[in-house]
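Structure incoming, see below.
In order of appearance the chains are A, B, C and D, and numbering begins at 1 in each one.
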C-alpha cells in the first residue's frame, strides 16, 4: 500500500459533487461505522460502506469509486435507517455508482450486465421477463450458473413462463430508453 | 374507495400465487380494483441504479396510465414496485427533477400548484388493507382460524423504508403483517430480522449473497420456533422459498423445511377461499403437512368445544 | 440613517433581555451567521413592547418588525409574555386595515439557550421581508378621497315619533332629584330644531326641557368621569349605556354615585345626512317628526325624508336599543333584533373591499383632510386620560406636532389601540368628526378581532375583565407562530 | 450632555469584520457625542483606565461602549464609570460582537450596522438619568431542590456556614443517583461508603430541614424574599412515629411492586424503605399497589406496626417556607432508549441499562452483587457494553455527549472481570472521552490489566437467537472500523450506556423558577464559562447534572460553588435593588388601576393623593419588567432606562422616512 499524500490526493470538488448529487452532507459523518455494522452486503464487500464514506469525506475519488462494493450494494437502506446523523447513506452509494459508470470505472461487469439485460428486456417488451433476463445475462457473462440449481424447481412449478408478455405501449417505453440514451451521450 | 391496480412483472412469473391470492383477498374484502391498462415494468432496482430520471420516467408512465382509471390511488402487491412508484412521485415533486424526467417522456407530466408533478399516490396492497380495510374487518371475516400456527413475519427492506418516502409502519420494527396474522389466529413470534435484507436480486449474478443472508433469516426463524415464514414480497419469497435448499447449503445448515407463505395466501386460507385463490401448489417448500396440522388442531378444538357444550347441557 | 442601498432592508427587532436577547448572544457566540438587516432594541420583557412601538416603526418606514420573548410559561417575569402574546396577536390582525401587510410583523419565542433557533428565526424572517420587498412609503402611495357611501339596511324598523313613555321618564327623574340626586344628564332642544344639546337637570323645570328622539345623538356617558365623587344621574340610549358599563367595570366611576335612566331607543340621525338634503347653508326653520318620517323646513323649502335615509349607521345594526344597565327604565323595551351575521359598518366594509395599497392611499387621503381638532377624542366616553392624552405630551412624546399624514394617523392609531377591548362601538368619534372621516373603522377592526379571538364585547358586563388585561396560559384561539 | 463613545476591537473578534475606527468616526457625528475612539480591549485594565481618563479630561456625562453583549460586561463598565465619578447608570452598551461581528461576514454591512447600534445606545443614553439603588431585607435561608450528591454538598456547605437550609427531595430518600451506584471511578471506591456519611450529616444537621417525598409546588417573590410552597406527598405513614424497623415491609403481602430504586429489575413490597441506608429511613406506601388503599382490604401493616404509624387516609399537605435563595440540584434521568427498536426497544430481557447493571453488581442490590442475567438467571460469559446509546445521535434528536458514560463503562467492565473472571467483556465505543484526573489511565487499565476488549464502532442491531442448547443468545452486530470489518458477538447479556437528560419534570420546575432550560431539560447557566452556577434569575443557582452532564467530582464542586454563591449573597446585611424600575408620574396618573391589574409582582399599590386615587410603585418589590408601562394609556408609569421616550428614540433613530 502506498502512503497517500493527502495534500496532493485530496479532491474537495469531488466531495462537493457527491454532496450535490446525493443531497447529503458528508461532513456530518463521524465514522461510527454503523452503516458497515448493519450492511447485509458487508461480508462480500471489498471496501466497507463506512470506508467509502471516509474516502468521499477526504475527497479521494478513486478510493470511493473503484470498488466492487458499489455494485454489490443491495439498496436495502439499512445504513440510512440506522445512521445516527441521518445521512441517507444508500443515496450516497447510489450516487457513487452513477458517478463510477460515468467515469467508466465499473468494477463489477457481471452485475452491470445483469442490469443491462434486465433493462433491455423492459426496453423491448415493456415488461421484465425473468427467463429472458436470465438467459441474456448468462449469455453475456457466461456466469450465473448457480441459478441453474433452482431452475428445475422453478420450471416444475411453472414459475418461469417461456413466452414474455409484451405490452401495446412498448414503443412508448422504448422511446423513454432512446431519449435517455441520447441525453447521456 | 377505488384502486388502480399495478400487478408488477413477477405476478406473471415467479409470483403467480401472490398475484392470484392478492386479487382473491381484495375481492373478498370488497376492495374495488381496476388493473392499470397496458402497464409497463417499473424498472426495478436496475433502473434506479442507473438513473433516477429513467426510473421515474418508467414509473411516471404507469402513474399516468393509472390516472385514466379514475381511481383514488394506485396499489401494488410488490414492495419494490410500490417503492419505485412512490419514489418517482416523491422525486417529481421537485420541479427541476420533473423537468428532467419529462424530457424522457412523450408528453410532460401535468404540474401541480408548486410546480411538481401532479401524480397519483401509490400504496402497497398491505398498507391499503391495514389502513383502509383494517385488521378488525379481516378478523371478522375469518372462518378457518390458523389455530396456534407459530409464524415469523418477514417484511424485507422496502415496505417501510426509506421512512420519509414509505410513510408506513415502523422502519425498525414494523407490525402491520403481525397484526394481520394475529387477526387470522396465528401466533406471531418475536423476530429481530423482520427487515434484514434477504439478498434481493443479487442471486442472479451471485447466488452466495442471498444464499447466506436468507440462510440466516431462515435459521433464526427456525431457532425461535417458527413453523412458517410470512412474507409480502416476491423477491424475498423467491430467496426464502425457491432458494431455500440453496440457502441451507451455502450457509452450511441442514435444510430448513420451513414453508414460506405470502400473507395473502394465509388470508385466503383463513377466509376459506377456493384453491385457485391460494395457489399453494406453486410453493417450493411443501406446505401441506403444516396445513394438515392446523386443520387437525382446529378439529380437536371443535371436538373439545362440543364436548364441553354437551356436558353443560 | 441609511440602509445599505439595495443590500439590506430595515428590520427592527424588540428582544426581551432574558431569553431572546440571550438567544441572540448564544447564536453569536456560536458564530451562527445571519443576515445583517436586523437591528435589535433590547427591552426588559416582551410585555414591555407596547404595540404602538411596532406601529411607530412600521409607520416610519420599517420594512419588517420582529418581537421575540421567552417561551410561554418561561417568562423571566412570569407573565409578561402572556400579555404580549395577546397584544401582539391583536396587532398583527389589525395591521391590514391601515394597509400594512401583516407578514411584515411577527412575534416569536426564543430562549437564551436556543442559538440555532434564533439564527433560523432571523434568517427566515429576513428572507420573508426580502421576498415582500421594501415597504410601500406613504409619500409614494397615491392618496384617494373616495368615501364609503353605502346605506345599510336596518335590522329593525327605526322611528322618530314622540316617545309615549317620556312623561314617565321625566317623573322618574323628578322623583330622583327630590330624593337628593344632585342632577341628571340629559338632552334638550338645541339651537335649532334638528340639534339637541346636553343638559344637566337639577330642577323640575329643567327636567321638563328633556327631549327624547332622533336628535339625541350625543353619548352622555362621556361626561360621567368628571362628576366623580358626586351623586348624579344620566339618561341613556342602549349604546350609551354600554359606555356607562365600561366606565363602571374599569372603576372610573362608581356604581353608587350614578343613577341610570333608560328608555327604548328607536334610532338617531346622522345630521350630515339631513343637512345634505337641505339647500346649502339654509337656516332651519322647523322640523316635524312622525312615524319614520322627518319633515324639515329650511330656506323656505319643506323637505321630507325617512329614517331609512338619514339614520346613523350604528343604529341600523344596533342590537341593544335598550339600556343594558339601568336603575329606572321608562316604558316598554324596544324589541331587540338578533345580532347580524356581518356587523361591519360602511367604513370597514369599504376598507375591506380595497387592496392593502389602496387602504394606505385611503388613509393618506383622509388624513390629509384631518384638521387634528381631536373632536373624536373629546366625544369618546372611553378616552379617560383627558388632559393627559399622550398625543399632547412631550414625555412620552408619541406624536410630534408636525402636520403630516403619519403623525395624524398615528394619533388615530393610539386612540384605536387604547380602545382595544374597551370600545363599546358608540361611534361618537366618527359622528363628532367635522370632516366625516370614518375613524371608527380602526376601532371596529380591533373590535371584530377581539370578538373573534376572545369572544368578548366591551360594555356588556360590569364584572368582566377586558381581554388585554388578562391572559390564558394556553391560548386556544391564538395560533402558535413559529419562525424557526 | 457630553457623551464619550469607545469602540472595542476585542482583539480581532470585532475588528476582523467591523471597521471600528470608522464606527468611532461616525459616532462623533451623533448628537451630544464629544469624544469617540476605538480601543483594543476596552474591558482590560488599561482600557477601563482609558475610559476613566477620558471622562475626567473631556468632562463626560455619559459613556457608550460598543463591544460585547451587555449581558457580559455591562456590570464591569458600570463600575468603571462609577470610578470616574459618574452615576453607574449613565452608561449604555452597543453589542457589536455577538450581534454583529460574529454573525455577519460582510465588513461594510457590519460597520454600518455597528454604527447604527452605537447610535441607538447614544439616543438611549441621552435620555438616561442617574439612578440610585434602594436597600431591602433578606431572608437568610436557602432552598435546595434535589437531594442527590450535588444538593447534599450544597446543603451541608451552606448549613456549615450557619445558613438555614430547606431541602426538598422528590423520592422518599435522599442520595439521588449516586446512592444507586455500586462503585465509583476511577478509584473503585464503594459509592455508598462515601455518600452515606454525608446523607447522615444532612439528617443530623440542625440547620437543615428535610422534606423528602415532596415537590416544589410554586415559588413567588424575588431574590432575598422568596415564598416557597412545598407539596408533601402523602406517604401514608406518620414519619414522626415510624422508626424504620421494617416489620411492615416484611409482612406486606403485596410483593409484585416494581422496585424503582433497583431500576425495576426486581420487585418490592407495597410498603417499603428503598435501601438500608435511606435517609430518612422511613417507610412509604405505594398507593398504586397497596390493597388496603385500592380495595379497602388487608391492613396488615397497620396491624403489625409497633408504633401505630400507618395512616391509610393521609392526604398531600402544602407547607410554606420563606427563603432568600434557591439552589436547583435536580440531576438527571436516562433518556427513553426504548425508541431504539434495533436494540429491541426494551423487549429483550437481557438487554439492560448501565444503571440496572449497577444495581445488579451492588452488594445491597436485589442479587446481592451476583451477576445473573434477568431472563434465566444464567451467569453470563460474554457481556457486551454499548456506549453512546442515545448520545451523539442526531437521528433521535440527541446530539450531545453524555460525558461520563465512557468512564462508568470502563468501571463496569472492570467490575465484571472482578465478579466473573472467566467472562469476556466487549465494549463498543466511538471515542473514549476520559479527560479527568487519572481517567485515561483508568480506561487503559481496563484494557491492559483486565483484558476488556474494546471495539471501535457503533452497534447496528441486537438480534436475539436461540442457541442449539435452547438458551437465548443475543447476536450483537457491529463494526470494527479500525479493522474495516463487520463483526458480531453472540452475547449472553448486553449493557447499554444510555445517555442522560434533565430530570423528568425539570422543564416544569424551570418555569416555576423562571429560569431558562434547553430542549433536553438542562437548566441554563448565566454564562457558560464565567458564571456556571448562576442563572439569569437573581438568587437562583444551579448544581450538578441539572445544568449539564457531569460526573460526581464536578457535581460536588458545583454544589460547593452554589453554596459559596449563596454565602456571598447572604454576607451583606441588606440587598440592593436594581433601580431600573417603574416610577409613577402622579400628575399624569388617572388612577384607573390597569397597571395594578397586570403587575406580576403586586409591586404597585393604590394610594390616595389629596383625595384622588393614584398608583404607587413599591420600589424594592418592582423587578422592572415594564409591563405596566406598556399598559398605561397615559404613559404615566415609566420603567427607568426603558422609558417610552427612550425606546421611541431608538425606533426613530432606525426608522426615519
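Definition applied: a contact is a pair of C-beta atoms (placed from the backbone, for glycine too) under 8 Å apart; a residue touches a chain by one contact, two chains touch by 3 or more.
Everything quoted here is computed from the prediction, not taken from an experiment.
J.: If I average the C-alpha coordinates per chain and also across every protein chain shown, which chain's average lies closest to the global one?
T.: D
J.: If you average the Cα atoms of chain B and of chain C to get two centres, how far apart are those centres in Å?
T.: The mean C-alpha positions of chain B and chain C differ by 65 Å.
J.: Provide the C-alpha centroid distance between chain A and chain B, rounded to the nearest whole angstrom.
T.: 24
J.: From the C-alpha centre of chain A to that of chain C, how far is it in Å?
T.: 69
J.: Per the centroid of Cα atoms for each chain, what is the distance between chain C and chain D, given in Å?
T.: It comes to 47 Å between the two C-alpha centres.
J.: Show the residues in chain A shared as contacts by 2 or more other chains, in ascending order.
T.: Within chain A, the residues that touch at least two other chains are 43, 78.
J.: Which positions in chain B touch two or more other chains at once?
T.: Expected reply: 172.
J.: For chain D, what residues touch not just one other chain but two or more?
T.: In chain D, residues 342, 461 touch at least two other chains, as defined above.
J.: Draw the chains as points, connect those that touch, then say whether the picture is a line, ring, star, complete or other.
T.: Topology of the interface graph: other, matching no listed pattern.
J.: Sort out which chains touch which and give me every pair.
T.: According to the stated criterion, the contacting chain pairs are A-B, A-D, B-D, C-D.
J.: Provide the residue numbers of chain A that touch chain D in the complex, in ascending order.
T.: Residues 28, 30-39, 42-43, 47-48, 50-51, 78, 82-86.
J.: Could you please specify the touching residues of chain D with respect to chain A in the complex?
T.: Answer in residue numbers: 342, 388, 392-396, 430, 456-461, 477-481, 484-487.
J.: Touching chain B in the complex: which residues of chain D?
T.: Result: residues 340-342, 344-345, 347, 461-467 of chain D touch chain B.
J.: Quick one: in the complex, what on chain B touches chain D?
T.: 170, 172-173, 190, 192-193, 220, 223-225
J.: Help me check something: in the complex, which residues belonging to chain B touch chain A?
T.: It is residues 9-10, 12-16, 38-41, 43-51, 53-54, 57-58, 61, 65, 103-106, 157-158, 161-163, 171-172, 195-197, 199-209, 212-213, 242-243, 245-246, 281-284 of chain B that touch chain A.
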